[in-house]
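One chain, chain A, links the two complexes that follow: it is found with chain B in the first and with chain C in the second.
And now, the complex of A and B:
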């Protein structure tokens, strides 16, 4: 199948302008439109290995990153996120357009994919075993996900765990969102990693995105079986601490991080109970990414 | 009517489990889902023993419930506090 990086610049710009561009993100097909050069350049860099089509076709989400209404352009160049013609967020400056796309896509998935139980959690796979990394914002989840992904773990998502009715984790491998100091941490540890442009002074500080491996993208139609739930927390200078978490406590912590548990009602409860019964849950506190990775690989080997 | 209840007020010393609760035991207690409110509670220890008793025996007087949980080996020292806590969670009600 055609990948984004194999399209010529002219083909890409034309398809993004005339509505015939499709991005395939695992089970999801996105119609993406844009006329903003800064976004198109970042999109091409970060989604280069993803399958695409230039001749239209069915799609699940209709997303446009475009210049907003004329009067706003008088102040500065902005970009809007449009979803099926609606604009759910305020425009942002064009330098944030690629970040806006990722945030908007997260919002769309969490708002509309209710055939899955959706948890705020990274999902990775190591040696065929699915691992959920569930944590509140600021716990270092994305940095740890980026590190594991660069060390050969398969990334399914750095942000959203999608648990379907067969209790499988649906992959959505796409760029990992790095914030502030974690950008340099990953750049230093993995000098060949592809990191997109910086979006400065966003509401989350400076944001940049790590391109995921072609292998992870190539496995985007292969679900993972959940085996471990890990609640990671990065604490500066802290020694490594690994402790088990009971299934009931794990369920409550996951509910706190769920997007659509209430929406799914009884089905959400049944799926969550099944998840905590088929997995083991642990919490780890760490300051060293190497120690955290070793600990996670040991947990997968011994308890996954 | 029990001695402490003013005349004209009903004696609410009987306790029942809320209807339609989903109950799933896990290693550290039981997860209980109330489809009416959407709330999920983790019960353990004495609270879990109370809920199990009410599930198996139906509506009970407080004294019978106390005896039932003691029969399950639970120390009923915090019986009243636990009862109130379950009532606040709307898992049980007085009738």
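And now, the complex of A and C:
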């Protein structure tokens, strides 16, 4: 299948303008439209390995990154996230256009894909075993996912765990969002990693996105079986601590981080209970990414 | 129906409008379906559409079927939430011992009408008699609903001129409740006897607390809401409601259409119901006896036809933004008599030069 990096710039610009561009993100098909050069450049860089189509076709989401008003194309340039032609958020300055696309896409997934139970959690796979990394914002979840994916783990998502009715984790490999100091951490540890443009002074500070491996993108249609739930927490200078978490406790913590648990009603409860019964749950506190990775690989080997 | 053809020839092909108009879906390829779903989302109708496709057992490609399933799950959750919220409202107002009337979406859900299917809405509308308004507001405040901070002008607009008090939001659940004492603005230029409609309301079967408008008045209220409105973001949904209400009531009693028009004349909505049903027939094929709709559509109705058409970027009529502006002017004109209108516009103009408050961000 055609990948984004194999399209010429001209083909890409035309398809993004005339509505015939499709991006395939695992099971999802997105119609993406844009005429904002900053967005298109970052998009090309970060989604290079993703399958695309230039001749239209069916889609799940209709997304455009576009100027909110005609004059905003030239003067005080802004970008809006349009979903089915609606603009659910305020426009942002044009340098934040790609971050806006990623945030908007997260919002769309969490608001519409109710055939899945959606948890705020990173999902990775190691030796064929699915691992959920569930944590509140600011506990280093994205940095840890980026590190693991650079070290050969398969990334399914850095932000959203999608659990379908067969209790499988639906992959959604796409750029990992890095914030503030974690951008430099990953850059230092992995000099060859592809990191997109910096979006400065967003409401989350400085944000940049890490391109995920072609392997992870290539496996985007292969679901993973959940085997382990981990609640990671980065604490500066802390020694490594690994502790088991009871199934009931794990379920309550996951509900806290779920986007559509109540929307799914009894089915949400059923799916969550099944999830904690088929997995083991652990929490780890760490300050060193190397130690955390070792600990996780041991956990998967012994308890996954 | 000359104007109908005039109108349709001006529109871009929209799979949503074609499906609603009874054009069938056999010719739709998966991409046309995708556009249709995108249009439905833009119109706030995805869940309603999903419910209707499910009812008709339409066979869809897998990707699209998943979207339908997801929307049905959302719609089901929404109905659960509405019914639970109604329980909370009932608890807060039960002690008052006055009839409390449910309007629009909440009424459709409580009555389990076809118009409730997949209908997603943002607030619950209730009515109490004007003399009991203050008590009802106080009881709701005790139950946790608060009117947000409004500037003195907006307070006055609601308290003196409007048919409702400012929207109340629950401090924990974040749900919104609109407490009314009439069905239309008392200052409205079209003289509507909404008091008569309220006085002839009936208790909801199986409930010792809730009341509802009688069938004819439910359709009339939905029609006046659409035709006096300036907000057409949800115009197509309102029109679809009218269609579903009409078809449901007409299927239960053959004389319903005649009674509806008679009642409309009685309360001053004769023109409004005719125009609203003209639109419903044009876009949704509502089966209305020909003799009730004789005559040409008014200019305003032709404008509204453009405003309730698809609002999606790919399929909306070119001049929709202009129509929206004209209809906004019309709504203000209908709502307020001249001296109040002048004051209102002067105030709004002066505020628009002051700074704006930030809106929501991600």
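Methods note: the second predicted complex is superposed on the first by the 298 of 304 C-alpha atoms of A that agree within 3 Å, B and C clash if a C-alpha of one lies under 4 Å from a C-alpha of the other, contacts with A are read in each partner's own complex, and residues count from 1 in each chain.
The criterion applied here is as follows: a contact is a pair of C-beta atoms (placed from the backbone, for glycine too) under 8 Å apart; a residue touches a chain by one contact, two chains touch by 3 or more.
As the structure is a computational prediction, the values presented were derived from the model and not from experiment.
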{"item": "Side-by-side fit of chain B and chain C on chain A, or clash", "value": "fit"}
{"item": "First (chain B), second (chain C), both or neither touched by A:266", "value": "first"}
{"item": "Contacts of A:255 with chain B and chain C, given as first, second, both or neither", "value": "first"}
{"item": "First (chain B), second (chain C), both or neither touched by A:114", "value": "second"}
{"item": "Chain A residues touched by each partner, larger count belonging to chain B or chain C", "value": "C"}
{"item": "Arrangement angle, chain B at one end, chain C at the other, chain A at the vertex (C-alpha, nearest 10°)", "value": "70"}
{"item": "Partner chain(s) touched by A:276 [first = chain B, second = chain C, both, neither]", "value": "first"}
{"item": "Partner chain in contact with A:56 - chain B first, chain C second, else both or neither", "value": "second"}
{"item": "First, second, both or neither for A:247, with chain B first and chain C second", "value": "first"}
{"item": "Closest Cα approach, chain C to chain B, once both complexes are overlaid on chain A (Å)", "value": "8"}
{"item": "Residues of chain A at both interfaces, chain B in one complex, chain C in the other", "value": "262, 265"}
{"item": "For the chain C and chain A complex, residues of the former touching the latter", "value": "30-31, 33-35, 38-39, 41-42, 61, 63-64, 66-67, 69-71, 73-74, 76-77, 80, 311-314, 358-362"}
{"item": "Interface residues, chain A side, partner chain B - complex", "value": "246-249, 251-252, 255, 261-262, 265-266, 269-270, 272-273, 276-277"}
{"item": "Parts of chain A lying in touch with chain C, wherever the complex brings them together", "value": "19, 27, 29, 31, 56-60, 62, 64, 82-86, 89-90, 100, 103-104, 107, 112-115, 203, 262-265, 267"}
{"item": "Parts of chain B lying in touch with chain A, wherever the complex brings them together", "value": "22, 24, 26-31, 33, 35, 38, 40, 42, 44"}
